[in-house]
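To keep things simple, chains are lettered A, B, C, D and E as they appear, and every chain counts its residues starting from 1.
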Amino acid sequence: MPSEPFGAPVPQESGTPWAPVPYRVSERTQETADTATIELEPLEGTRRPDFLPGQFNMLYAPNIGEAAISIAGSPSDLRRWVHTVRSAGKTTDALAQVRVGDVLGVRGPYGKGWPLHEAEGKDLLLVVGGLGLPPLRPVLYEVLSHRDRFRRVEIAYGARTPKDLVYYEEIQRWRGRDDLRFQVTVDRAGTEWYGDVGIVTQRIPDMRFEGSSTVAFLCGPEIMMKGTARALQERGVLTSRIYVSMERNMKCGIGQCGHCQFGPYLLCRDGPVLPYASVERFLALREF
Amino acid sequence: MKEDRRELARELRTHPFLQGLDPGFLDAIEGATQEREFETGDPVVREGEPAGELILVLQGKIGLELVAPDRPRLSLLTVGPGEIVGWSWLLPPRIWQVDGRALKATRVLTIEGNALRKVLEDRPKDAYQFMLRLVPVISRRLHIARIQVMDIHAV
Amino acid sequence: MSPAPSDTAGVLERKDLGRLLEVLNGAGYRVVGPRVRDGAIVYDELRTEEDLPIGWRDRQEAGTYRLERSEDGRVFDFNVGPHSWKKYLFPPHHLLWSTRQEGNRLQVAPGPTLEDKPLAFLGVRACELAALQISDRVFQGGVVDPTYSQRRSSALIIAVECSTSAPTCFCPSMRTGPEVTQGFDLSLRELLSPWGHRFLVEAATDRGRALLRQLPLRAGTEEDQGDLGAQRARVRAGIQRSLPVDEAHDLLQENLEHPRWETVGRRCLACTNCTMACPTCFCSTTEEVPSLSGETSEHFRRWDSCFNLAFSQLHTISVRSSIASRYRQWLNHKLGTWWDQFGTSGCVGCGRCITWCPVGIDLTEELAALRAKAPSTPTTAQGAKA
Amino acid sequence: MTERTVAVNYVARVEGEGALRVRIEQQRVREVELRIFEPPRFFEAFLRGRAYTEAPDITARICGICPVAYQMSAAHALERIAGIEVSGTVRALRRLLYAGEWIESHALHIYLLHLPDFLGFPDAVHLAERHPEIVKQGLELKRAGNQVMETLGGRAIHPINVRIGGFYRCPTSEEMRTLRSPLERALAQAEATARFVATLTFPQVQEDYQFVALRHPEEYPMNQGRVVSSSGLDLPVERFEEAFQEQQVPWSNALQSRSKEGGTYLVGPLARFALNRDRLTPRAAELAKELKVPSPVLNPFQAILVRALEVVVACEEALRIVRDYREPSEPFVPAPTPFPGGVGQAATEAPRGLLYHRYEVGQDGLIREAKIVPPTAQNQARIEEDVRHLVERSVEAEDAQLQDACERAIRNHDPCISCATHFLRLDLQRN
Amino acid sequence: MPALGPNPRLAVFKFASCDGCQLTLLDCEDELLTLTRRVEIADFREASSQVIEGPYDLTLVEGSVTTEEDRHRVQEIRAESRFLVTIGACATSGGIQALRNFADVEEFSRVVYASPQYIRTLATSTPIRDHVSVDLELRGCPISKHQLLETISAVLTRRTPDLPTDSVCIECKRRGNVCVLVARGATCLGPVTQAGCGAICPAFHRGCYGCFGPQGTPNVPPLTHRLHELGASRGELLRVFRTFNAAAPAFRQASESEERAKT
């Protein structure tokens, strides 16, 4: 018989970050040709964990793999996760094509959210490109349920074509409100489109805000966020009040796989939302 | 009528594109200025037709569209209040390169091109200031076109 | 009869070294440590004293490693080899979870964390103790990785102080060695002189003291201390390379567009060897392996590297397609932004990345080049092809 | 009355794409052509100018089914030039690697390619639907062979560990230990296989073969031996080309080999068994007796039984080598420097028969000339005769039946041709 | 990727090759019977005499194109295939028979055949993708069993298979091998060769000889420079790059550069 090891190991808590929790797909909406919004309800229990607008989950498609996907639902709807997924690879293809009743795994929520409290008492701008809207949708829900905490709320959303707009119906409702302004622009359109055409940064001169007292959240392709930030700076928005959501191909969500390194940051841990000031110089570098 | 002219003169002088230019220069072009209105869907300019004027948008929205017989119309830019349409009047062959269509009820000022060019030729210093306003518009639209070509939302 | 040893220190004669392995095996540990295999000293299971690289030495240079026999019979007369302890704590290929689908149910079973026996790491060098502490911050500083944590907390650390240095070493400048000072349960210092072949043994923890009590030790003497001092001086004197650990962060931040990146990018093979050999590099990717029937699936984690093209793939595009940009990413992280992320340098000065780079790229030389020649005008050619 | 042409489409310098064409005129077989139209791959040509050390890796690529055979013949021939002899444990390991290939290749042929013929299925997949236990046993047996090759050669197809003088690395004792239990199981399965295939119904056919195989003083032949024949030939391998000659026939991209005096001949399991029955390993010998296997076996359909016995031989040999294994001090015998150069020949017994290589190498270590005579080339003409006899016997048969019979006749001899013969289109020309 | 029906049809075709890559399928002893429950084997001449006409859902193509007939045959196969995967070095880079691309094929014919006039072959051996569109390529001489199963399983579940373009080195280190280039000075192509084999050669103390062709971003010149320093001759490097993936662009350039330097 072997004797006891010196100071036998102390058993750890059984909790592991490496176990996706099963959820059932309760609803699926086709947003565009390649993008769908899926709603997930817990298989066990009745509610999901809390999350902050801007955080993401690792969604697991059994037999396929995992992908980091922003949370796009309302923080106060505790019964479900809502995610909008665009087919852009092995895992997102599968996630975008799930059917109601399918079971997926969820790990999360992970990352840091938008600093909404900083915008309280100020003008709030959301400038969004493409699939940057889903991670900002929870912000809109929060803002609308506490509308009195903010001054002007202005949203500019740019997409590729009218067919690539997500949340179409909901956007119509938002556009109908008098307590926020929601502008939409597309890169190109056909004759059926009577909205704006161009790029989203063009909308900035037209947005109503007081530069010195404005907080801006940007989410979209890096080149779009760069251009937007510059345009906002021109209108007097303090660089320290511009926030961006960065994207890299996250594999773990918990700062241990290294894929989401961006300069000093591990985006899954320190981001994805970061002050623009802290990433500005890296966005200027090639292949960083 | 007098009242209208005065209003037009005010609008000309306060349009962001011209605001702050030399008053003498603005006086000089005022005579070549007209106001026009379009209903939703009305053509504003047509590709291939003589480009006779500079258009300053006051209200509404004009879509600049590319047309080719074998493909659907493609809208690449919308121009709204405070912006301008067209520099084709400036350089030969003075032909519109795009279709412009009113996307909502739209009111514009037009400055007749021949007269405008004449004023610019006579007042080189003011012309320089005018060009300092026009070139950035061209440059910005070129930049927008480049970003559109990149198709940044495609990946 | 020698005087009795203290509770925490003593001297183990060379002939009694085998007793250490017997005690460890008897206590139920799986002992892993240096042994000769495939032309190098690797880390593998040790059953008896004879498994140790007795009478072997290594010769290391940038891009070169050779084993040779030594005549004096020293047991630990070599420096770190191609393996590091991370392979035990952060296995190269590891099951994170497995799933079974039955209708609309999904069963998720976590992968294994502990092996059946706790590990005893025998022969951990000073730089490697530092590497373990860096890895602790990565794998348990925030979210705790259960595999790492369980193996780490159960592992017994037996350090061995270097009695020789390789030309690729630069631990003094990184303040991680060569002397073993902390982070171990038990430490050994091998001495060979006319006063005999023996090991100074020191225990630093309860586990270490419990082990120490089971060894036949004598008390240390002045001669032992004298030999140790001379040996330490010799080891330090042999270390030629250095790296400005405190300056590195800012130096890199200021030189992200230095033309040197292009230069090294033309030499670099993007083969990943430096990152694989590095004791602290922790990048990984995941791999889903469904069974052919589709009923079950396994989700693995495997070592990945920032030198791989696919590593930085975002949607369908690789963010860092040039090799120069990947080298910059690696060095900037290792020596620079690691501080921001984990409050320490990611480098311990072990020199593995220099030795095991097939073309002998030397990070100390690269950093020196950045320092020597700040660029007059920033280059915009980061993405240009070699 | 009729002329019909039986055409079969698929074989090679190596295994692959071959065809058969039989022309029948007035109920008499006029022509039988086994045509190999696998595109030529010119191995002998591009071996010229390559370093002799590359020959085992390059020639392996001639055949994915028996790469070890090519590696073995090449290594032995080149070692003759280098003047080195591999002996002791390293030689035993080579035999073990070869045994792995025999087990794998024979199991593949018996279970996946040949057995469906006897049991009336188009393939093993359909066979498995009815008799899963049979196919599973075959796959397991095959896997044991692959496991030997993976342990010793790194992988089962185109192993990477064979070099002139021995191996790049010898397995550790621990690695060898892992082979024990699979091989013990494989031996039992091999014996079961032999007993099972002995119960099959064989068409009653007797062919008058001239058998050619290697013969070793002690061993059932594999790596070494003299070239012997059932007509009394007994030559050292160096004189192989004095007795046999390759011919090119216009209908084939593969060369045909014939004996210089006696016409066609047969290599492979039937030949080895006929000429080496006294060298069978103990349990194989007992089994041959128990199953009353005739000596020699002249019915080509019974080749399946002989193959099964050879799997027993290979398993017994493999087990013996694994049990006796002690890690040698050096994995290979180094070649002398400077390299002497010269001409060297060797033959080994590939699963489907004698494989001859000859090389001429310069003192710079570069190959000047290479000649490779694979078993398929040697059997090609003899298979044509088998087919001729078969068609003569069944000339009244329907085209489909005849085609099926021709395919079976070819499959009797060579799994590499079997892959081709599954491709057979019997093009019957009847006048 | 298009959806596959409930009983997808698998076909395996062969061009100039050694049969080793298709044998890999039969070497999946543990998985074969599971696999055949999920797919119908429609045309696989090495394994079955049953031939079901196309179209096929998944077609595996082994071998390179070396004859005029094969040039046409591969087009017919493509037309019958929904998803076409080429398997192995022959099919993806021309294989060892692409050595003819660097020589005079008639000379080759004369070396092997007494009557070369009977032999009809093209002057080059070319990969399948030079002739038809290919959906996926599996590298290797031979291919890896693991990658083959991963690919089939991926096609069946309509996902992209996991086929890394990393170097052999990363597999080599995961396996715990000691680098043969650094520790032995061996001529090893691992740093520029694509992973997939499991780094078997270094595990057996020899240098990688490039079965899987060039990795995602092969940087060959510094490697050849280093191998020369270690004593490899130009002739040796020419030959090692000109073997089983001789016509793959990065290897081809490497061998040609050695050839130029030699003369």
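Definition applied: contacts are C-beta pairs under 8 Å (C-beta built on N, C-alpha and C of every residue); 3 or more make two chains touch, one makes a residue touch a chain.
From a predicted model like this one, the values you see are computed outputs, not experimental measurements.
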Set of chains adjacent to chain C and to chain E: A
Chain closest to the middle, measuring from C-alpha centroids that were averaged per chain: E
Of all other chains, the one whose Cα centre sits farthest from chain D: B
Inter-chain centre distance, chain A versus chain E - centres from mean C-alpha coordinates, in Å: 42
Mean-CA-position distance for chain C and chain B (Å): 67
Computed distance of Cα centres, chain D from chain C, in Å: 50
Chain centre separation in whole Å, for chain D relative to chain A (CA means): 63
Residue numbers of chain A (touch at least two other chains): 63-64, 88-89
Residues of chain B whose C-beta touches two or more other chains: 155
Contact footprint of chain A on chain E as seen in their complex: 1, 157-160, 162
In the complex, chain C residues that touch chain A: 25-29, 96-97, 99, 101, 104-106, 108, 110-111, 113-114, 118, 138-139, 142-146, 149-150, 153-154, 156, 185, 205-208, 210-211, 256-257, 282-286, 288, 290, 294, 297, 299, 301, 304, 306, 311-316, 319-322, 324-325, 329, 332-333, 337, 340-341, 380, 382-383
Chain C contact footprint on chain E (complex, rising order): 31, 34-35, 37-38, 149-150, 152-153, 156-157, 162, 164-167, 169-170, 173-185, 188, 190-192, 205, 215-217, 219, 222-223, 225-226
Touch list for chain A against partner chain E, complex: 63-64, 89-91, 93-94
Chain C residues touching chain E - in the complex, by the definition given at the top: 37-40, 42, 63-67, 81-83, 87, 92-93, 266-273, 276-277, 287-294, 302-305, 308-310, 321, 323, 355-360, 386
